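Order of writing sets the labels: A, B, C, D and E. Residues in every chain begin at 1.
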Amino acid sequence: MPSSIMPIRICDLRLTKGERAVLGGVDLTIDKSGITVIMGPNGAGKTLLLRCLHGLIRPDQGQITLGHLRVADSRDQQAMVFQQPVLLRRTALQNLAFAAPVIAKSRPQRLIEALESVHLADRAHQPARMLSGGEQQRLALARALLGKPALLLLDEATASLDPASVLVIESLVKAQSAQGTKVILVSHDQGQARRLADDVVFMSDGQVAEQSPANQFFASPRTPVAKAYLAGEILL
Amino acid sequence: QSTTSTQNSGLYDYLLPLLKKDTGVQVNIVAVGTGQAIKNAMRCDGDVLLVHARSDEEKFVADGYGEYRRDLMYNDFVIIGPKADPANVAGAGDVIEALRRIRQAGARFASRGDDSGTHKKERSLWQAAAIDPDAGSGQWYLETGSGMGATLNTGVSLGAYVLSDRATWISFANKQDSTILFEGKPALFNQYGIIPVNADKCPNVNREAANTFTQWLLSETGQAAIAAYQVEGKQLFFRTPARLHSTIELK
Amino acid sequence: MNALAEAFRLIITLDPDLFEILWLSIRVSLIALVIAAVIGLPLGTWLAITRFPGRKFCILLLNALMGMPPVVVGLIVYLLLSRSGPLGWLGLLYTPSAMIIAQVVLITPIIAALSNQVIENLHQEYSDTFYSMGITGRRAVVAYLVDARYALTTCILAGFGRAIAEVGAVIIVGGNIDHVTRVMTTAIALETSKGNLTLALALGTVLLTLSLLVNALVIGVREYAAERQYA
Amino acid sequence: MNALAEAFRLIITLDPDLFEILWLSIRVSLIALVIAAVIGLPLGTWLAITRFPGRKFCILLLNALMGMPPVVVGLIVYLLLSRSGPLGWLGLLYTPSAMIIAQVVLITPIIAALSNQVIENLHQEYSDTFYSMGITGRRAVVAYLVDARYALTTCILAGFGRAIAEVGAVIIVGGNIDHVTRVMTTAIALETSKGNLTLALALGTVLLTLSLLVNALVIGVREYAAERQYA
Amino acid sequence: MPSSIMPIRICDLRLTKGERAVLGGVDLTIDKSGITVIMGPNGAGKTLLLRCLHGLIRPDQGQITLGHLRVADSRDQQAMVFQQPVLLRRTALQNLAFAAPVIAKSRPQRLIEALESVHLADRAHQPARMLSGGEQQRLALARALLGKPALLLLDEATASLDPASVLVIESLVKAQSAQGTKVILVSHDQGQARRLADDVVFMSDGQVAEQSPANQFFASPRTPVAKAYLAGEILL
């Protein structure tokens, strides 16, 4: 029931590391299905926000609800692909088999299909850690999709992929979204954001600066900070 | 169960095959210090006790742990020291004088310091000589807190004097330049006793085999065998009372 | 040098006494090692990846237990197995089983503490991913053990080293009975107390050679597997 | 239970004999540990990051040496230090220094072998970067030791555990001489041979408590530092 | 003497992993200074080629010369930034101090300046491993530039940077190149390649498929495989 985790409400999320408020009161409601792209400069807190949503970090303060669920209760409906994928010290296929729910395990054909969907079928028996950077990222995505999650979180999952792989993953993500999975994706790639986003959340300095439908955001961002970002102008 | 000194002397390696041939009894030896042997036996871990600490042995039987006690054999203690003999122990008239000479010469003395039969004997000799070695503990009186062999290793390496039972010394291989300097006085006799563990207290005891073993050792055959045991051409044990701490477990 | 020559002589003459003792040493230590690994590896792993109050203390305890004196372990096991002890009815005292028990008690903390550290390092890398995939409990433990298998061999070898070299505990519970519970280390101790230092050293050399062979075997297998498979 | 009560009594009555022995144990083991760490950590690290023919064999040897019986180490040091031995002129036999030497010989391989494994794991991560930056030799060794400092404490604690629990070697080279070289473990062995099992266990409990304290201290410092600084 | 490592000649470089020829006879001469961008699909062997050049991998067969130098002799004139930067478990500043040549060490000001050049001065005392992905990558670049290398190798060094950081790094790289440093850069980002490249090397399947001046490559790639890549069309 993918709809049961909607809407996602984040309320006054705060997180301090050392003396820095790395998340300084994030307020955000995501109530539309489809693909939400989070953009923003390095260090804006995009990864931290995603990790809070996924339950990897417990914020110092604030509330997150997914539908009627709290983060802890929604975890088996979520899947996440990290910026730097961590693969087990096993073959590509064994990596999938390990992650597969019990049902899928009884049907090894499912795993092969999953490998094929990310064009890695011929690497099935290669040690996963020996794959090229792009191949590892594709494998991580295949692994995340095995559980048929209701919410898919992607943290710069295509950052080191070639154009073709990017398109492959984008179409996989779109297809998944079309099946009702809510996708939240962090990306610096404006082309990708334009191609995928239904709406855009722009973060800056530990806060949400702007949230707009995609076409509106790219046509004319409401905040100066987003405008500068898109122009590559933010002073670091 | 058996003690270190009898085992180190090799006596069991010689006796047990003879016993097996005569009676068919298979014996397992557990060699530990006297005190430990007696306490192990009080926990029923052993069938026969072979020790050398007469008063403890008699108490053991009186408390009902042992069936009876018999003198088994004896050997004697000797004083070991460097050939140079700085304290001239070899010239002493009796053991008391020997100990006094060691003290006066300021020579070092390695004691077992482990409450073993040998150690108790040594303490009684110091007492007789009216010397309190504890005052010099760590300076000239070195309590090794170890078995006879380890104490000999220490004493020999330091050129210190040691009171040892003759059997252990004769079969000891790391003599370096130490030798027997004082021996043969009746005050230095060392008696071994044998005690079957009381089967009424310890139902696990293999009573029949324990008796067979004890009786064989006490019999003419056993006694003759003990007397016939020699290392480097020297007789180590003599038929008649002697002391040694061991329990012996029979299988 | 004499000791080396003597060791060599003992080995090439296939001295049957030596081989009986050697074989018992190997058997006792390997069985103890297997048991200790079966307990210690999952325990160390589990402590590395779960969080509960008192966990830090458990790890601390494991580390401290690495420093448990063998004599004390020997005494405890002795008191348990003694005929008047709670497990006396098993009749295990002065048998190889008693020695195995003592060695297990001695090396399980070592294997657990060392594997705990190894897995903790791996956990830094894997934890987010495992959390995300909902891998917990037994599945996580097994996954960590499998993925750290090469690093864990060193922990196991450390445990083996301690077991095969151990004398204080096995002499108390085994009794060093000839043909029954005499192992290499107790034989060495016996020869030392007899003053037969050369023979003692020769036996030590043999034991060290054995240890070298076992280690070579394990490390050889590990290298071979690592080369053919996964980095 | 009796043993616990007895241990407690010994400690609260501040038994002077006990504290003399305890203090010697700590001194000997800590000095041995420092020396062994100064040798073993760089050695293990260096073997993890350099490549030369025979390196595999050196690591194998270290692993095997972890299984060196203390009695054998004791004998070798004894023969070296005995008056007729090559180092006899130093007059170290039956002194605390002799015990330190024996413990160093015993635990250096342990620390080296375990740290070797820890650093090897880190090396998988760092090697390319260090190679690229031209960091080799001493600088690399130091860098690895610094960056793996938290994981290495476990290796060091394993070495400490072995040192403080060790009896076979120190009793041969130290002689367990009262007021001179009697340490906790040899005192325990003595009480055991006297049949004073309760007292032996009490001493064991005290030793274990000591071990626990040292471990708590080290792990405490580590956690504190790790929390305030770098992950 | 930056010129001493030119020209870079790679001749019949072969490398087999398992049964796959991951580099299948690479022939390449780079004789012009400036910035060379290597492009190509995931798994084409770009990273492996860079690693061979840097001396990290010894090829099974083939020859590499840099000017009159062999790889081993040119190493102190090279620096490399990896796809996934590895930073020491220390602060950002300590990471630089560690890498700095002895001369620079005596002038701590140099290190601060280096941090400023990648806009990380205010993160100087933060543990390097706690920095965001983009911050880590910038720090790695600053570290690589400390030694003033004659040859700078960058493997997708801007893959997870925000547009502003990308521009910062690009301008740093350009400035370095203008000072005479030869730069070889692997990237999937066509925009970046267009902005930076003097010439482009296109790799596919373990071989060099095409080498062209940048404007010519983007205008009309000579090989069909490069054409398809640029269009995002390669079948994986």
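Remarks
Here is the rule we go by: a contact is a pair of C-beta atoms (placed from the backbone, for glycine too) under 8 Å apart; a residue touches a chain by one contact, two chains touch by 3 or more.
These figures come from a predicted structure and were not determined experimentally.
Taking the definition of touch as given, a chain qualifies here only if it contacts chain A and chain C alike; none does.
Looking at chain B and chain E, the chains that touch each of them are D. Highest C-beta contact pair count among chain pairs: C-D. Inter-chain spacing, taken between the CA centroids of chain A and chain E, is 28 Å. Separating the centre of chain C from that of chain E, both taken as means of CA atoms, is a distance of 49 Å.
The centroid of the Cα atoms in chain A and the matching centroid in chain B are 81 Å apart.
Residue positions of chain B touching 2 or more other chains, listed in rising order: 32, 40, 147, 150, 153. Along chain D, residues 78, 172, 189, 192, 197, 231 each make contact with two or more other chains.
Of all residues in chain E, those that touch two or more other chains are 130. Across the assembly, chains come into contact as A-C, A-E, B-C, B-D, C-D, D-E.
Within the complex, the chain D residues that touch chain C are 56, 59-61, 63-72, 75-76, 78-79, 110, 113-114, 116-118, 120-121, 124, 151, 154, 157-158, 160-162, 164-165, 167-168, 172, 184-185, 188-189, 192, 197, 200-201, 204, 207-208, 211-212, 214-216, 219, 223, 231. Within the complex formed with chain C, the residues of chain B that make contact are 1, 4, 7-8, 12-13, 28-32, 40, 43-45, 147-150, 152-153, 171-175, 202, 204, 249.
By the touch criterion stated above, chain E contacts chain D in their complex at residues 51, 54-56, 75-76, 78-80, 82, 85-86, 88-91, 98-99, 127-130, 143-144, 147.
The residues of chain C lying in touch with chain B in their complex are 82-85, 88, 91, 93-94, 175-178, 180, 190, 192-197. Chain contact summary for the complex, chain B toward chain D: residues 32-33, 35-40, 113-116, 137-138, 142-147, 150, 153-154, 157-159, 176.
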